[in-house]
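Shared between the two complexes below is subunit A, which pairs with subunit B and subunit C, respectively.
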Partner chain A sequence: MIISLKKIYAKNENIKAYLLLFPALMLVILAMASPMLLTFLTSFHTQVSMMEIDTTLTIDRYKDFFNKPVYTTLLGRSLKISFFVTLVTLITTYPLAYYIAFYVKKNKMLWIVLMTLPFWTSYLLRVFSWKVILGHKGVVNSALMAVGMIEEPLGFLIYSQTAVVLTLAHAWAAFAILPLYVSLDKIDKSLLEASYDLGNSKFQTFWRVTFPLSLPGVIGAILIIFIPTVGDYVTPQLVGGTDGRMLSNMIQALFGRANNFPLGAASAVIMLLSVSSVALIVTYITRKVSLRMS
Partner chain B sequence: MYKKNNILFLYSILYFAFLYIPVMLLPVFSFNDAIHMVFPLKGFTLKWYDQMIHASRLHQALFNSIKVGVIASIFSTLIALLAAKAFTKYKLRLRQLSYGAILLPFVIPEIIIAVSLIVLWTGMGLQLGLIPVTLSHILFCTPFCMLVLISRMEGFDKNLEEAAMDLGENAWGTFWRVTFPLVLPAIVASLLLSFVISFDEFILAFFLTSNDQTLPLYMWGQLRFPKKLPHVLALGAVIIVATSIIVMLSYWLRNLGNPSGKKNNIGGI
Partner chain C sequence: MSDKEFIKIKNVSKKFDDVVAVDDVNIDIAKGEFFSLLGPSGCGKTTLLRILAGFEYPSFGKVLIDNIDVTDITPNLRPTNMVFQNYAIFPHINVKRNIEFGLRKEKLSREELNQRVNDALKMVQLEGYEDRFSNQLSGGQRQRIALARALVKQPKVLLLDEPLGALDKKLREEMQLELRKLQRSVGITFIFVTHDQEEAMTMSDRVAVMNKGQILQISPPKDLYNNPKNLFVGDFIGQINFLESEVKSVDQQNVKVSIKNLGDYTLTYIDNINQGESIVCAIRPETIQITKNNDQIKSDISVKGKISNTSFYGNMTYVYVEIEGIKKPLMISTSDPLEGLTYNSDCFININLKDIRLIKKN
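Here is the complex of A and B:
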């Protein structure tokens, strides 16, 4: 019996592999999947009083969410802000990744390290320094006033959706630079030479060869920026003001002061479902486009 | 492959400035002899650093952060090491699915993971505190460690392991004498990077702790009080310098004696 078990173990690579994967999978199941399922379940409950939750299943929390305009507004705004963060980050980092991949010859690694280093330094402090830069008495305003270019502080700089987009585009830059650089660097350079030999201009070559081949990196960057930023809490709290409040600030209130776990859970479920479906659609479209282009 | 492009070069330098100016601003103001962060600078002082050294609640928060960070980095690196071994050595069924599942905590909005763990923790009648914070950090760091380790393990020659086996080593001996020394730099890098991630992490700690603060939570609490701000800036400057050194060190380690000969080993950041 034991011998035959040993034989099965020796022969079966899957068993060996899954024994090694066991801790990692258990971690995901116990610390992520089951809490998320429980949250999903809680979203069908009702908060009766501070300590008491009625566990009769109901879809009222979802009705609450969609009936009160504040929730749908915040959801829409969160998706909109993340969309613009993703777009701005992609557009501003693409030329950089392109430059490192095709023009930098020596010390490419150093460039990459320097471009990603700020990402490792305290997220909280980076967001905070944007508050200092954009604030009413902030760096931009005080500098402009000191040189006499403006007489009163520019009020529109901080506490707006633009401030949130700018700050997040700065905070998440590394997540776009890396996948873009990796996909651009992988491109077989002889393809580009072939394109020139066939009479394409530099611009045509970029548009017909380089860009379509870099789309996997673009998709990677979209997924890794769009989904997490929807749930960002710190940035809207520090630089968003009332105009820049996002759904996560509401979720925090529901799990904190407002103490309405079921409605908070429903909001979290809706956030996750909507952001994943948007991300799936965007990925699908990008894939289609890349197939048509190449 | 191309020769020169001045416009792109100029753009890269400007973008570089955009990336670094907000980060460098805090250290600059940490030496400024004024409470408000306003230009022009007033004068040089070290008093904020003195205030930082004598803030006792800060010490407690620092100790908590180090405790959480050390435990989280050890556990996530261990779990990730086993998983990385499975993915690089074996052809397994449902590979993509398992791989995706393990990477998922890295992509899902942190706030979702945070509130889910609150629901689980309070549902089980447990007290929030540093334990759920540490658990969530292990969950969040593991995908990262796995990517770092896989990029190293894929790089080295499988024949080395087979040669050790042929020379009579058992599986354990092969691992200990061949695989481990080759992967060691990546293991250290993984420990360092996951420590930095945990040390910096705000949202999960913010939601999942009760009274025990980690360092980012301490800073968050102080940001509201203008008078307390300068010593947070001093703290921020120290953190920026320390994390930069750790990260540089880990990048260097990851390329140290890279047997694949590839210089640009940046797989998974």
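Here is the complex of A and C:
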């Protein structure tokens, strides 16, 4: 019996693969797939009273979502804030990754580790330190007032969408650097020389060769930042104020004080679908545009 | 300026930190010439080529192409194009767009552009490959596309950095012939870098042999083989025997030389030698004849030896003969079937004085 099992195991590559996947697969099914399925189901139910949920299937919760402007406004704001977070992160981390990939000759790994050093402290601590930096009596405002550039503290710095964008962009920078660095470092340097040799300036070479070849990294970074930041609710809670509240804060409230699980679930499903479609569209467009450029 | 000085490399040196990669090099290359830079790895040949392309700037000296000083001009503005060692085909665009890549500046119409790409593909015999991507091409095809991409720009000089190195032997030999044919038909000056002496010899009009950053000899292939000017060149190109000798006396035309263990002989004069100087007599293995007895053929030198080894190469055989008092066995190549001449048997080797080249020790 054991011998024949061993034989099957040795012969069948598929069985090997499934066995290796099994622990991760179970974890994903238990911790991801089933809660999501439950959320999806709940979104078709109705909250009757505090403790009671009517499980008759209905699409009324989705109707509720689109009929009350507050939900769609918050969804739009979530997507907008995440878009700017992604943009700011890319613009700030791409040059860093580029520098490490092309100009650092020795100890590249050390550079990468040093870049991620600030991220070894807790996420909450970092959000709080941004509060200290951006607050009414924070570092930025006091400094600007001390040198006499402004009379009163700048109001838009804290408890605003700007604050949320800045804080989130900083929080996710380390995750963007890695895929960008890997894709840039992989580029064969002779390709850049070939482009230069064929009459392109360094700037043209960047747009015609380097950037298109780094796209897998760019798309990776976009997805890594955009997808989780849409759902972030800690940062908007702490530095967003009323103006910076996002859909995730509303979902949290619906599952909490507002006590409307089905509507919260419907909002979560809608957010999931929006994020997925945005991610798909971004990937598609980036590919198209980059091919046209070169 | 004459066409003989189409490219002028004047006192060019290049230092990387403390390492001298190129050491005071002077070369004139004629228009339409197929010129090779030959040398072992690390001899500075690639650095010199990169200086010509503009990827490196010389620490000292000048480069002139078609009478224009290009020393400080960036690669994108030079009249040179390069075929890279690994071909550097852009992987994100197809063959057609690879070939068009360098033509954007010329503001050609779609039809003209298509025409140029077609002509280029035809030239390298890869018509119909427009839509392929780099990973769908073989090594040889990639190499042709790299050639087409560079030649479509109609450069004054084409620089080739060991472009045949990655191909297998058969294909490499085929490409050597093809490359030479192509160069003749387009009439563009080719500067070809290689460490493979056979490659340099079969294709080039002239070859510059480099070692340790210096040019040792610039000659047409035949001259390089028949009259090596120093020990390195003699040793690097083909097979050769060196015999330790001493200069006995020198006059206007002749040099009397005592070859160690072989006796005194009178040879043709070469420059800058003095009486008493120790010198080397160089003999190519194919000019030495091997016989069973010493009366079979007439020769200037005939010495008895013992066969210490033979190696068979199909069209010829290398025979190593030990001679008393000479440290290294003499190497002899022959196309004769060596009847009766096997390992450990006695034989005679016959050398004619006209086949001996005197080479000064450095």
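Just so we're on the same page, the second predicted complex is superposed on the first by the 278 of 294 C-alpha atoms of A that agree within 3 Å, B and C clash if a C-alpha of one lies under 4 Å from a C-alpha of the other, contacts with A are read in each partner's own complex, and residues count from 1 in each chain.
Here, a contact is a pair of C-beta atoms (placed from the backbone, for glycine too) under 8 Å apart; a residue touches a chain by one contact, two chains touch by 3 or more.
All values derive from a computational prediction rather than experimental measurement.
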Side-by-side fit of subunit B and subunit C on subunit A, or clash: fit
Which superposed partner A:P212 touches (first subunit B, second subunit C, both, neither): second
Subunit B versus subunit C as contact partner of A:N200, first or second or both or neither: second
Contacts of A:I59 with subunit B and subunit C, given as first, second, both or neither: neither
Per-residue contact with subunit A, leading partner among subunit C and subunit B: B
Which of subunit B and subunit C A:D188 touches, first, second, both or neither: second
Touching partner for A:S122 - first (subunit B), second (subunit C), both, neither: first
Closest Cα approach, subunit C to subunit B, once both complexes are overlaid on chain A (Å): 10
Residues on subunit A lying within both footprints (that of subunit B and that of subunit C): none
Residues of subunit C touching subunit A in the complex: 53-55, 74-77, 80-82, 84-86, 88, 90-93, 97, 101-102, 104-105, 149-150, 153
Subunit C-touching residues of subunit A, taken from the complex the two chains share: 188, 190-191, 193-201, 208-209, 212-213, 290-291, 294
Touching residues (chain side subunit B, partner subunit A) in the complex: 1-5, 8-9, 11-12, 15-16, 18-23, 25-26, 29, 36-40, 78-80, 82-83, 85-87, 89-93, 98, 101-102, 104-105, 107-113, 115-120, 123, 135-136, 138-139, 142, 146, 196, 200, 202-203, 206-207, 216, 219-220, 223, 236, 239-240, 243-244, 247-248, 251, 255, 263-264, 266, 269
For the subunit A and subunit B complex, residues of the former touching the latter: 13-14, 16-18, 20-25, 27-28, 31-32, 34-36, 38-39, 42, 92-93, 95-96, 98-100, 102-103, 108-109, 112-118, 120-126, 128-130, 132-133, 137-139, 142-143, 146, 170, 173-174, 178, 182, 185, 189, 192, 223-224, 227-228, 230-234, 238, 248, 251-252, 255, 261, 264-265, 268, 271-272, 275
